[in-house]
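You will see chain A twice below: alongside chain B first, and alongside chain C after that.
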Partner chain A sequence: MIEVSQLRFTYPGSKEPTLKGLNFAIPKGEIFGFLGPSGAGKSTTQKILIGILKRYEGTVRVMDRELRDVKSDYFEHIGVAFEFPNFYHRFTALENLSLFRSLYHGKTEDPLHLLAMVGLEQYASTKVADFSKGMKMRLNFCRALLNHPSILFLDEPTSGLDPVNAKVMKDLILAQQAKGTTILITTHNMHAADEICNRVAFIVDGEINLINSPRELKVQRGSKRVRIEYTENEHVHHADFDLQQIGANPAFLQLLKNKPIETMHSQEASLEEIFIEVTGRKLG
Partner chain B sequence: MNRVLHLIRGDWRQITRDPMLMLTLLAPVILFFFVRFVTPYAAELARVHLQLDLTVYYDSFLSFMILLIPLMLGMMSGFVMLDERDENVISYYAVTPLTKQGYFLYRLAVPLLMSILFTFFLLAYGGLAPIHITQIAILLPVTALEAPLLTLFLVGFAANKVEGLALSKAAGLIVFAPVLIYFLPMPWQLFVGILPSYWVSKTLLVGLEQGASASFIYAFIGLLVHLLVIRDLLRRFIAKLD
Partner chain C sequence: MRLRSAMMYDMKLQIRHGFYYAYVLIAAAYIVLLRSLPLDIRETVGTVITFSDPSVLGFFFIGGLVLLEKGQNIYDNLFVTPYKPEEYIISKTLSLTLLSVVTSCIIHLSAFGLHPNLFLFLLGVTMTSIFFTLLGLGLAVRCQTLNGFFLMSTVYTFVFVLPLVDVIGVWTTPLFYFIPAKASLMMIQSPFNPLGTGQMIYAIGTLTAWIGIAWMWTRFSFRKFITLQMGGGDPQ
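Presenting the complex of A and B:
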């Protein structure tokens, strides 16, 4: 779906390139996450992929076309949700969606149907100015789906959402993937990326340090141990055991048998820890 | 075409929900009625009661009025664009099949076309001075270009709508400065020619005094001046947007 090789980009008037030779490929139907601190080149990469920055070096092929040469019909096939929802605040949700829908020539989705999908149908005639942040984010997501896009670009889709709304958003994203949509997410929220991305790329200083699936990363990079917390004499203690041959480890089995267990956690690394280890940078 | 109709409908919604924009849109209509009906009435009153002949000032008066239409319509489009930039809607248009270029084209074409329409009505039916259709045809392009120029002036220099309001006052002064200064003798008044609006008034006045063919050269230079300034302002705005 997307093939990028040796992608370099330098902003006019800047000496340092912002992107220093990125290589990656994203197959159809994948949820791919770009992770990195702000200023790492995430949004520049996204701007190139959504076709608004064209003076790049290298090749960027999306749906078998070089992006440098695509015309406005490219926008018929992609959906974009920016980090900060941008709407006409004096218009209702439905008026906003109808206006943006009219910009497409191809087949489009009924805005009311989209609003119902994200649970906003009863607010169709409410002005966007009166929407909460969570409602705006869902409306933003609706708008990105108006034209039945083959590729969806989501910028920090869960930022600023409470846990309930963040869960709603994740489910919506996964539902789109189930329909075969390819989804690109840029975020610095490792937790959200971990939950929904099939693969993630760590991007720092305009370079990709690593691409892999979150699960692989966590298993590979973590220590293969389990930590058990148990109570003894009204105090909480913990003990660590190697996962290798753990079923035959007498100390482990004794502990399970004889002590009241409070928690058991395998010690795989979190994405956040791996990111810091790989890039030497903190997120944020 | 369907797309443009939807955009116009959206604009109509935006304008009717904002009293200031509504007033700006109505201004050319009010202006027309003022010129058409109030001015002759006032002139008549002055003649009867003050023995003053105001009709000799009709030409100069009209050269003021003709600038007001693109000023108002250009400002209106500018305010809408400032709103759209503040709300980040422009960056959204940029990723739709409308594209950023299409958006600019639309936002500049609307005040241009409306200015052509209203200016035509003012000149053809305003009734202050008999103007030949050829003269109107020469005047319309240079006059109407004043509108997108002012739109771009506003969005190029104002960081937000509040600054836009302040700038619109300044723009009003810049528009009318040449009209005051063209009382300077030639060739000195040509220095005022760096202000695009000078050429609009000059074309009108020369046309009224010496006929359409004599005014053509002023319209032509005016057209070039407007296009050059528009090009620079557009670059400035696009640079600011990215």
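Presenting the complex of A and C:
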């Protein structure tokens, strides 16, 4: 779906390139996360893939078309939700979606259906000025889906959302993936990326340090141990065991049999720890 | 199709922001003023008023609209759809021009009644409105605040409306012929001072040329200050 090779980009007037030779490919139906701190090159990569910046070096092919040659009809096939959900404040939710819908030539979705999908149908006639951040984020997501996009670009999709709304958003993203949509997420929220991305790319200083699935990364780079917390004499204690041959480890089996167990956790690394280890940088 | 829909939403937005009510009030005030004036100066005042309506009002209204949309960061979202910046510029310009032409027409008819030379008059209002709206749009995308826009606009409008001093009989120079307002004023005055063929060609040609220049400048400004800044945040 997306093939990028030796992508370099330098902003006019800047001596240093912002992107220094990126290589990656994203198959259809994948949720791919770009993770990196501010200024790493995430937004620039996204702007190139969206088709806004065209004076790049290298090859960027999306749906078998080189992006520097595409015209505005490319936008018929992609959906974009920027981090900040901006709308016409004086228009209602439905008016805003209808306006954006009218800008497409191709087949579009009924805005009322989209509003119902994100639980905003009763606010269709409410002015966006009266919407909360969470409601605007959901409306922003609806706008990105108006044209049945083959590729969805989401910039910090859970930014500023409370846990309940963040969960709603993650479910909405996964539902789109189930329909076959390819989804690109740029974020510095490791937790959200860990939960929904099939693969992530760590991007720092305009270079990709690593691409892999969050699960593989955590398993490969974590210690293969399990930590057991148990109570003894009204105090909480813990003991660590090697995962290899754990079923035949007498100390482990004894502990399970004789002590009240509080928690059991395998000690895989968190995505955040791996990011710091690989890039030497913190996110945020 | 897309342009028609965009214009419809632009007009709806202008109504929501009270532009139409403002125009009704202004037009009513102008009509009362003009009808209270003696006929000998009514024509001069009418020309100045009719000129100021599409030029100055159009210029400031488009400035307000653009800065409002800039403040709401709506461009990022508009231009990741097939909507082209050129269509945006045309839609905004024509929707405001329509408003100007209708109000100018109502003001003129209420103050002076029906004239045989109305076509040239309306063409003058339309072309003046297109020029000044494009100018206001090109300037507004370069400004961050309404105050900044007002400050800059005094410089821009001062030069372009200078031939007004000729109409009110203060001063004149042949150099005015290079300024689009001279052509505008000739066309707006045409119901009272009919134009010869040469004057007509001069007036329409000058305004067409200035509209062409304003279109290219506005398109360039839009690309530089809006399209290339899209995506928000830092340029990284």
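Note that the second predicted complex is superposed on the first by the 284 of 284 C-alpha atoms of A that agree within 3 Å, B and C clash if a C-alpha of one lies under 4 Å from a C-alpha of the other, contacts with A are read in each partner's own complex, and residues count from 1 in each chain.
Definition applied: a contact is a pair of C-beta atoms (placed from the backbone, for glycine too) under 8 Å apart; a residue touches a chain by one contact, two chains touch by 3 or more.
Since the model is a prediction, treat every value here as computed from it, not as a measurement.
With chain A as the common reference, chain B cannot sit beside chain C without a clash.
By the touch criterion defined above, A:E76 lies against chain B and chain C together after alignment on the C-alpha atoms of chain A. In the superposition on chain A, A:Y230 makes contact with neither chain B nor chain C. Look at A:F87: by the touch rule set out above, it reaches both chain B and chain C. In the superposition on chain A, A:I52 makes contact with both chain B and chain C. Look at A:S43: by the touch rule set out above, it reaches chain C but stays clear of chain B. Touching more residues of chain A than its counterpart among chain B and chain C is C. Residues 50, 52, 72-73, 75-76, 78, 80, 82, 84, 86-91, 95, 99-100, 102-105, 143 of chain A are contacted both by chain B in one complex and by chain C in the other.
Across the complex, chain A meets chain B through its residues 50-52, 72-73, 75-76, 78, 80, 82, 84, 86-91, 95, 98-100, 102-105, 143.
Partner chain C is touched in their complex by these residues of chain A: 11, 18, 38-44, 46-47, 50, 52, 72-73, 75-76, 78, 80, 82-84, 86-91, 95, 99-100, 102-105, 143, 147. Interface residues of chain C, counted against chain A in their complex, comprise 1-2, 5-6, 9, 12-13, 16-17, 69, 72-74, 76-84, 227, 230-236. Taken in their complex, chain B has these residues touching chain A: 2-3, 6-7, 9-10, 13-14, 17-18, 87-89, 91-100, 102.
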